[in-house]
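Pasting the structures here.
Next come two complexes, and both contain subunit A; in the first it sits with subunit B, in the second with subunit C.
Presenting the complex of A and B:
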């Protein structure tokens, strides 16, 4: 036993798969301890906030202020405010004012503004300019001048009794706060989803639930498949015929169709994560049963089984001690594959809207389902679905890698 | 002589057919035989002649298609597990391939303890069991202290087959069925294995059925010989009758196939 474990941990593929999988497991276990927020808590008012660090505006105004005189501060401020459309409008004006096109660089904010202040004249008309366009240029000029002023803003508070606005202080453009001193800063590494939930917290919780679904489904499927396979392979005869008839029925009906039908007929209210796991388990045991059966058939006529019979052991004893240990490695590998395909089946069901009830737990499939319904993929909100896809891919990849590694250890013909 | 010739195991019209319809194979075809108590019988035939199938039917490991087996003069009844277990106290086997005869997950102690338990010794004190296992191992010149807590695959083929004999020593069955017990063993261990087998037979007086393709070995050990060809017994009788004065062409061919070290081999007929 010790030797086998040593051999398993010498297989490169197994080690890579195992470390990916344990990392995922560790994150799933440790993350909720560090950030104990309820995963389905709606924190954002609005859909799909971008990933980033969110600093409380209110708190930063009342935080200690520092003056930093940075040269590029104004330019950066304007650069972020000047949209693509505004820059193109400026370019249009400059060309109309007779500046050669080659001298205009719309990405170089400083140069562009210098040219603008030299050439802009509110009284001037450029050919073909409508009244609306003229007003637009006036507004644009005002905005730019406002951005460049260093007078700052004043903070006023409304007096509760008189209703008069009282000035409390001013904020100059060179005032800074230290983020560490702002009491309310929220990091949203993966932004928020369509409901305004923190995607990362939700993703971790969803991974946990999906892994649980996978494990429950895998264990159920393996147990059913193993029991039926052992029975039909070892006992043979009529038992074999009956079990194989049922198994072949299940093979002919695609299990995913069966899964959809069962999930649908259970109804939205009854579908918890555990129910879905059971449904997946009950529809995916077929190949395990067939594979175990064929292994048992080749084992049951071996001499050691005959010897065990001659020693007067019962059928149950023979199955447990003379058959099961010989196929144990195979069953473990089948279990790993069943778990990963259970996770995929849940994702598939949930995308179709037949997964667990949406209000209780997040699962990887449900997150994809929400992202799809709210058109995250069309709106380009990658953080709502891409991390989920990566997580599913990593889980199945690591499990398949572990399986291949185990296969190489147990099947000497496959060793490199 | 008369009371020595007591019937032990006999068969009437024993047949085994594998498969159904057009693909059926007749492995054993209506064979009749009488094995007497204390006799050493050899069943000789080429591979595929149905020897092992016959052995498995005699052991009750596979069902018979037709015919009856009589054990100690009575019709054999092994329809329930209890009756089978009772039958297997009387008939035991040594298989051809020692490497596949053991469950690789069980230690050697388990193999021998199973035999003691089968003889109803499950309540014996631990020391007594160890004494019995030590005695059985020393019978075949193995040291139990060295084997305890070892796995069968840590032994050599010869040692494994000797352990098989130790197993039979503990079980003391009325009939031993040895299915080519030496064919997977190298030539030097072969003689040792046979010696232990014959020693065990002489001590216990059990009926021994050798199944072999080696007619020389059959002549060396047996009282009577059955020659099997394509599922039928073509010739039977005492060892001297069959091997010294063969009547059937098949038997003659088997005898001629025995390689003779001092003669030049004629490979042109191969």
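Presenting the complex of A and C:
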């Protein structure tokens, strides 16, 4: 046993797969200990907040202020306020004022603003300009000048009795706060989803649930497949015929059709993550049964099995001691594949809207389903779906690598 | 001459036996699929019609339709009759193509909804799976034959690609080529401003919309097939007949064609056995692109709690998969020399 394990850990593919898988497992276990928020907590009012560090505005105002005189500050402020549309509008004005198009760089904020202040004149009328457009330019000019001014903003508080605004202080453009001193700062490494949930927390919880679904489905499928395969291969005769008939039937009848029918029949209210796992397990045992059967048939007439039979051991005893150990490696490999295909099956079902009911736990498939329904992929909200795809791919990839590695250890013919 | 004639006779008999066998199996699986489609929803606790109608209220807004559907559906389901009679009614309706009204798209009938979506699925999936299978097998055989750096670069990519779920590949292709580069449209089977007709504009729109769903299925298929073909070919390349042929001085190209043919046979069986899974993955990919095929139909049916539509769609998909399976078995029969050999002995 020890030697086999040593041999397995000498296989490069297995080690890579094993490391990826263990990392995922560790994250799933450790992350909730560090950040114990409930994963389905809706924290964001609105959909799809971008990944980033969110600093409380309210707390920043009352935090200690420091003055930093940075040259770039004003330019950066304007650069971030000027959208693509504003820049194009400025360009339009400049061209109308007779500046050659080649000299206008809309990405160079500083130069663009210089040109703007030189050429802008509210009284000037460009032929064909609507009144709305003229007002827009006036507003734009005001906004830019406002941003450039050194005057601060004042903080006012409404007096509870008189309703009059009272000035509490001013904030000058050169005032800074230290993020460490702001009591409320929330890091959202993957932003929020369509419901306003923290995607990273949700993703970790979803990975855990999906792995559990995979494990339950895989173990059920492997147990059924193993039992039927052993019975059919070892007992033979009519039992074999009946089992193989059923197995071959379910190999050609697509299992996802059964999944859809059963999941739909169960109904939304009854579908928990565990139920879905069981349904997947009950519909995906066929390959294991077939493979175990063929292995058992090749073992059935080996000398040690015949010897055991002659010694009068019971069928159960022979299966447990003379057959199972020989196919154990195979069964483990089948289990690994079942787990990864179980995770994929859940994801597929959830995208069809037949996944676990949505109020309790997230799963990878459900997250994908939500992202697709809210069109995250078309809106360019990559953080809502891309990490999910990568997680699914990493789980299945790592399991397949482990499987290939094991295969090469146990089947010398496949070694390179 | 006489000997030749007898030989031909024996071979024909062998083929007849093989095809008859496969055809019987096709019928058996078909009947079983019918049975499952009939029984599974009836395993629901309680009265299925009542359960369906209680969901109906949530799924449908047309109140005049609810009554009509309820009556028709009670008759269709016939829950008050014995199970055997229910089954006879069910089979009779299915054979006549009568699946009742669709709940979510009332007053369209289920047959009508299926009819308008099935061709999209067939035209998308089967070419894509076949093309992916051909490219995958060629690349896999090439990797086994060339080895070296081609193999080293190609294999990890195929392993990763084959582990990507079909919907993942679909989303990635869509984000890259439709959303970012804007080379292709993001969704649908044709431009939303067009009405299906035989104009160049419409056909071109269909072709453009076809590309991304097609290639996402092809790419997924390539990965899995290439891996299988590569290990099959490596196994065959080490076989004794290859070494013997080399000793005999037979040309490399000839040997490769032997190897390819032998490695191909298990791959054809593999295609027959996994076509169901592939179709399942491709249906989900269809949903990502809102392609107007059966995948999207199932999604709308699930969202609208449209039981008759789901039942019919899954039955149609099963029949499609079983037929494809049967066709592959027939092709296999012509390709595998052992069928002749074994039976003629």
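List of remarks:
Assume the second predicted complex is superposed on the first by the 416 of 416 C-alpha atoms of A that agree within 3 Å, B and C clash if a C-alpha of one lies under 4 Å from a C-alpha of the other, contacts with A are read in each partner's own complex, and residues count from 1 in each chain.
Note that in this section contacts are C-beta pairs under 8 Å (C-beta built on N, C-alpha and C of every residue); 3 or more make two chains touch, one makes a residue touch a chain.
Bear in mind that the values here come from a model prediction, so they are computed numbers and not experimental data.
Once the two complexes are laid over each other on the shared chain, residue contacts for A:303 go to subunit B alone; subunit C is not touched.
In the superposed pair of complexes, A:311 makes contact with subunit B only, with no contact to subunit C.
By the touch criterion defined above, A:322 lies against subunit B but remains apart from subunit C after alignment on the C-alpha atoms of chain A. The partner that reaches more residues of subunit A, of the two candidates subunit B and subunit C, is C.
Of the two partner chains, neither subunit B nor subunit C is touched by A:136. For subunit A in complex with subunit B, the touching residues are 302-304, 306-315, 321-322, 325-326.
Taken in their complex, subunit B has these residues touching subunit A: 56, 59, 61, 81, 84-85, 88-89, 92-93, 95-97, 100-106, 114-115, 118.
Note for the complex: subunit A touches subunit C at residues 248-249, 251-258, 260-262, 264-267, 340, 344, 347-348, 351-354, 368, 372, 377-378, 380, 382, 385-386, 389, 392-393, 396-397, 400-401, 404, 413-414.
By the touch criterion given at the top, residues 25, 28-29, 32-33, 36-37, 40-41, 43-44, 51, 55, 159-160, 162-165, 167-168, 171-172, 174-175, 179, 186-187, 231, 235, 273, 276-277, 279-281, 283-284, 287-288, 295, 298-299, 302-303, 307, 310-311, 314, 317-318, 321-322, 325 of subunit C touch subunit A in their complex.
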